[in-house]
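Chain naming follows the written order as A, B, C, D and E, and within any one chain the residues start at number 1.
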Amino acid sequence: MLSVKNLEVVYNDVILVLRGVSLTVPRGQIVALLGANGAGKTTLLRALSGLLDIHDGRITKGEILLGDRPIHGWDAPKIVAAGLGQVLEGRRVFGEFTVEENLRVGGHTRRGSLTDSIDEIYTLFPVLKERRKRTAGYLSGGEQQMLAMGRALVAQPDVILLDEPSLGLAPRIVQQIKDIVVQINEERGTTVLLVEQNATMALSIAQHGYVMEHGKIVMDQPAAALLEDDDIRDFYLGRGELATSYRDIKHYKRRKRWLS
Amino acid sequence: MNQFAQAILNGFSQGAIYALLALGYVMIYKATHVISFAQPALMVCGGLFSYHLTAQIGLPFWPGLLLAMILGALLGMAVERLALRPMVGKPVFTLAIITIGVDIVLRIAANRYMGANPRIVTFPDGSRQYEFLGLSITHQRVALIAVTAITVVALVMFFRYAKAGLAMRATALNQETALAQGIRVGAIFALAWAIAGGLATIAGTFVAAGSAGMEQNTWIIALKALPAIIIGGLDSLPGAVIGGLAVGIVESLTAVYQPDVAPFLGANFALVAPYALMFLVLLVRPYGLFGTREVERV
Amino acid sequence: MTSMLTPRRAPRPPRGRPQLRTSYAQDMGLLNTPAKRRSTALVILAAFTVPFLVTDDLLLIFTLGLIASVGAIGLNLVTGYAGQVSLGHAFFLGLGAYTGAVLGGDPEGSVTGYGLPMWIWLPAAGVVAAIAGLIVGPVAVRLRGLYLAIVTLGLVFLGEHIFREARTLTGGPGVGRRGPDLELFGIDFAEAGSLFGLGLSRDQQQYLLALVFLIVFAILGRNIARSGVGRAFSAVRDRDVAAAVIGVNLTVYKVMAFAMSSFFAGVTGALYYAVVGVFEPGAFGLLLSIQYLAMVLIGGVATISGSIMGALFITSLPRIAQEIAHLFPIISTSTVGGGLINVFQFEAILYGLLIIGFLIFEPRGLFGIWMRIRNYWKGWPFSY
Amino acid sequence: MTESILEVTDVELSFAGVKALGGVSFDIRGHELFAIIGPNGAGKTSIFNVLSGVYRPQVGAVRFGGESILGVAPHRIAERGLARTFQNIELFENLDVVDNLMLGRHHHLGYGWPSAVAWLGKARRAEVANRRRVEEIIDFLEIESYRHLPVGMLPYGVQKRIELGRALAMEPRLLLLDEPVAGMNGEETEDMARFILDIRDELKIPMILVEHDMGLVMDLADRVMAMDFGVPITIGTPHEVQTHPDVVRAYLGTVDDATIADVIEEVSTR
Amino acid sequence: MIMTHRRFMTRALAGAAIAALVLSGCRSGGGGSEDGASAGITEEPCPDAVNEDNGCIYLGAISDLTKGPFAPLAVPITDAQKAFWQRVNEEGGVGGYDINIEDHIADAEYNPEIHNRRYQEMRNDILALGQTLGSSQTLAILDDMKNDDVIGIPASWNSAWSFEDQILESGANYCFEAMNGVDWAVKARGVSGKVMAIKYPNDYGGDAAAGAKAAAEANDLEFVEVETPTGQDNQAGAVAAVLQQQPELIVVTTGPAEMATIVGGAAAQGWQGTVVGSSPTWNPALLQSAAAPALEAMYFQAGPWGPWGTDTPGHEAMRNALGDVTPNDGYTSGWAWSYPLLAALEAAAEMDGGITRANLVEAAQNLEEVDYEGMLPPESGNQAGDPEEVAWRESVISKVDPDAPTGVSIEQEMMAGPTAESYDFSEPCFALR
């Protein structure tokens, strides 16, 4: 459904951020993309949704296919209209708009009446219906995340990119968000590319996972396999129960990277 | 008392012009976060479009104005496309200086067209007087106030209900997010400039229909809208209208009463009265009467 | 507390750097590399030979450009370094100009003048402007961004009003007044004369005066920029809340930036209009403020050398436009009224286009161009 | 050690009628590492903003070093020895690392604008002396190789470290750390944890830590305060807090008591 | 690709800018400036000379051609001056020289500073200034002009010019013009009530208001003065003052837009009376404005000479020389102002050493008559003597006439009223410094 081949992205003409990234998101699946901060996950999403140029970035190599259409080099509105939606990191609801206005903006690329699609969103997120006339800026973090997802869904995308939906949310809310992602995927058949720091959460619902590091894909395995991988557990998933306490880490361990 | 009411009425109708111009500034500011110093040139060009279409080509006033508004909108879009689009994302003050460059270029071209003679748009039956309650107002001024009112209502409807209006507000709040919703931000910028160009054309046309027409120095009128938008709040459309009217009224009252009441302020204090009002408003409300306060977040 | 930050191990030996600086004082020096020292010396030397190479009319432009540089440095302090965009520079320039003219002006004239010597009127002009800056500063502290810009713009309009009305001091509109006498250490810079045994024209003398004036103030500006004061300005500019939380008093530094900037503007105004001769209140309008802002933007924000380049460029821009206009054969140079467009209108349009062009094609300003040229020649390696 | 460096008593803070803090009291004892945890919007950052003078609470008292700091301007509080880092990095991106750290030493410079303008003896000496202290911090945090780079260009993890360095440069009597490891990978988190421990053990600076990473908090903190909806739930040792039913409830949402007991059971045995 | 292109453009722009400057001014070993006598005059023919055998005299013109407040008037003034000297050349030139003004026309944007710069650029290349527009602007270069022995034609009628030896003015100044306007209105329009002067806050307004005040006092009329700024949007105060004070006569010294706004505005609210404006207050396009009916009924223009359509040989020659232009009295002024410089050149040609800067200064100071070809009487050009004795005091009053080419035609031929006749002109009405 969505495939990226050998993608290179450069910022400000000099900083090479993606160094030949390839991945595939099959139709109807949830695919997780993991990686530390600065690994290039957000850059990859920007490249996919055509938001690179406002950050002075440029695709210098490679291609992106949505279905069988090459969409690299398209601008964001065209990509959205082609059926690829994105929920940006940090939610970014229009704080001064009402909930309903936010949803209407989400349907910008659609012609005709939006009433039906917005009603569908309200069924999916009943809390948004309760708050439809409220100013979005006053919603709680979790509600804002739901609004952001709802807003992207109004456009009825075939593929949706979710950038760190769990960021800064309490565990209880993260659980809810997780359920909703699964629901969207199952009920609407929407293909999902889920970018997360919270690997446990992402891998628990994804079929497949990629791990990025320094602008490259370093691992590419079924989600279940990744969950089992010890390195991944230790490095990206937070430390396992057997790990030593921070208090016991010796100075030399901290220094090792600088010595090499 | 009558003099007082008349001064307010005169100021109100003059303020309608400032309000139209201020709306243009606010439109561009909201969409692009730029103060456009090219508004004076747009006003002058708009007035000249009307002049050319009515006096030279012979269209009647209203169709002429409508066509001129389209031309003014196109001019605004052209300015945005040629001078500002390449600079998207650069510091706003760089953009502001660019608009000054644009203003210089456009006004020189307009001066070339005007030459030595003021260009006067004839408003049908414009000098007919209406009298009520001892106040008098010309037919032309009544038309100006009516047109301004219609414009304001139309703008409000546009922003509240039209898809493009909503998209425009969204873009004003956050460009990247707007892009991610499929909104063509470039088109929104162009639209903002087009609307500003159209508004400037209405203002310019009514200036050119005034007693002295449009001449090479008339552009300065557009600067009066600057204190107006600060008084109202840079990003507030109702603020622009109220600010524009307030500037007109304060100016008129100062012109009439200051020489007697406060002669120590010097001759022609009315010239700077809008700025004095602006200072007063800002002392109380640092973001204007209706402006959005930037929230301090850490 | 004294022991709190003692290193727990010996410092790493320095890596093999070609231009290793061995002390912090050296690292923080004004010109901290030999290359910088050499190029600066070369530029200054070249600047001193200019008056013997170019004609007086061009020299006048350069003289004014050098003086304006000090004003541009001043604006860069408040706008570039401290991030407080001011469109009110013209007001402070005017205040300085009139202070200088009143204190140093002809006591016999029809407008007030006290005939004081230059070493009094020049600093006094700065001080008066700085005091005005101190008064305005606290109001400005409450405002941000474009609000501040337009409010300072209001200052220009109020200033123009005051200058128009204070006719015994300013001569009033359409009449104007003369600037102060340019006489320092017994040298009358308003007449041709001899300096160090060289016979110099008036314009040559004034150029040299302006050059020395600029060098002094450029060093002062650089000192401010590299000291704790300059760092505090940048902190206020980049993140004011964070600046406050690490101990920078926002109000004090914003006001200080305004006062320092105004001082630079004041001395600039006094000297500039002393060289110009006659000036009237209309000079200190919006356009002047915009010109100075353009100097800072085109030259390069938060750089001293950029301010100088920007000021020289903007002051010579009308002349540049004029010269370029004459290169175009299609523009009728001899016609005022006829033709599609005459040479003067073309000049004016070119002036606008050059400003647009420079900002579009080189947003980092002349300083950016200079860096590119320098880097090009040095083959500057990518060190990171 | 005789008196606590910070005493917060019954602080209430609201914005336009919405209560952000509703009666918060705690104190810092000796050079302890005190952590504040709680779900998003629980009011953790609001406490920091109250302590550093960005917000002024409507009710309550805050005493720092024995003196009230209510209504005292942020820069004055900083001068009295309170330093902090920020949740979203608040460095001066256009300045290089040295300048950022030198700004941390702003109130230690001790020269005024006249000597700055002239760059005469005093300013010069003060700059060199303070630069020496800054180099010590650069060494402590191992950021030598970034010294003259604009911080805006540096990786996220390094920026977090520089922000810590800037706070240390202030030679604080109390250090507030707002989510120091948010968004870091395991290795970066380990590094930061080590620095935090070093600051406590070697530099003996008391700290207040706001953090989402429970592992880190429970591991490092001497005492923990759990909050929800602007109100402290409990204050105690990490283990006490972890096993407090109300804390579990705040994190897991409304669930039955049996589940909560299970969770507590599980945590206790770990 | 884009970036390379941009870099190229930047370098090209910067390169062009620097090259242009360097091209323009290398110091040529100090020639020219010491050699004042021959500056601005060559034995070589002018570029595109009419008379190939003649040498060439270069005149400068520093005007306000693009952005300044007088640009609308200054362009026709300058064009008329070009036509004037072209005609002189076509009639054989002066003393064996053709006159060239085209090569040294400069735009000073009505700014003393730029005026000064522009003078510095041309000071070594011109014999005299065929035009220097603006009072403070001219003052900014007057000392240098004196040092250089350069005479100049002002583009204004300031009373101070009578007291400057190197400035060759023509026609009655604003001060006398206002006196004549008031005296005429008293006589012809029966004004017996309050006189109000509405003026710009500058030398132009100050000069005329002084004259109006003198005439009002001489006629025993009450007098008030109102200052008004530029800009048609700023006239509310002036309109209110008219309505409040109800003057019978208004003497206006503003621009056309302001005058029309004030008169139109006051008339709309019931004011009636007489308006006398000095010549820069009129523009024929005002006949299309909403204020036209009020202007036709009440407005009169006081001027130093007849408008464009007047029947004199000088006007006729001007109309022929300019050909097919939109009539404007800026042309008339530019043309008439040039006559004294021609007379001075002719006189200098007769002197020992022929035409030099020094001789021209001397000739100008001793002019007793100027042939204005009927636009003004010859004796009006007398410069030799105290201003009190020789200053020209007669003006023309015109009325609005939609059929006339510039919208006004003569109502009262050249005359001086009793006030102007007896005025003690031992110093300027309004001091310039």
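Quick note on the criterion: a contact is a pair of C-beta atoms (placed from the backbone, for glycine too) under 8 Å apart; a residue touches a chain by one contact, two chains touch by 3 or more.
Model, not experiment: these values are computed from the prediction.
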Common touching chains of chain E and chain C
B
Go through B-C and A-B and name the pair with more C-beta contacts between its chains.
B-C
Which chain has its C-alpha centroid at the greatest distance from the C-alpha centroid of chain A?
E
So which chain is farthest from chain B, going by the mean of the CA atoms in each chain?
D
When the C-alpha atoms of chain A and chain B are each averaged to a single point, how far apart are the two points in Å?
43
Centre to centre, by mean C-alpha position, how many angstrom separate chain D and chain E?
74
So, in whole Å, the Cα centroid of chain C is separated from that of chain D by 42
Between chain B and chain E, the Cα-mean centres are separated in Å by 35
Two-or-more-chain contact residues of chain D, please, as numbers and ranges.
54, 86, 90
Could you say which residues in chain E touch two or more other chains, in rising order?
66-67, 75-76, 201
By the touch rule stated above, which residues of chain A touch at least two different other chains?
none
Under the touch definition given earlier, write down the residues of chain C that touch chain D in their complex.
1, 4-8, 11-12, 23-25, 27-28, 30, 220, 223-224, 226-232, 234-235, 238-239, 241-250, 256, 260, 302, 384
Residues on chain E engaged by chain B in the complex (per definition of touch):
66-67, 69, 71-73, 75-76, 201, 227-234, 236-237, 240-241, 243-244, 255-258, 260-261, 264-265, 268-269, 283-286, 288-291, 293, 326, 328, 330
Looking at the complex, which residues from chain C come into contact with chain B?
85, 139, 142-147, 149-151, 153-154, 157-158, 160-162, 164-165, 241-242, 245, 286, 290, 293-294, 297, 301, 341, 345, 348-349, 351-353, 355-356, 359-360, 363
So in the complex, which bits of chain D are touching chain C?
52-54, 73-75, 78-79, 83-84, 86, 90-95, 99, 102-104, 106-107, 109, 111, 113, 116-119, 123-124, 126-128, 131-133, 135-137, 139-140, 144, 149, 153, 166-168, 170-171, 202-205
Which positions of chain A touch chain B when the two form their complex?
49-51, 54, 56, 75-77, 79-81, 85-86, 88, 92, 94-97, 101, 104-106, 108-109, 151-152, 155
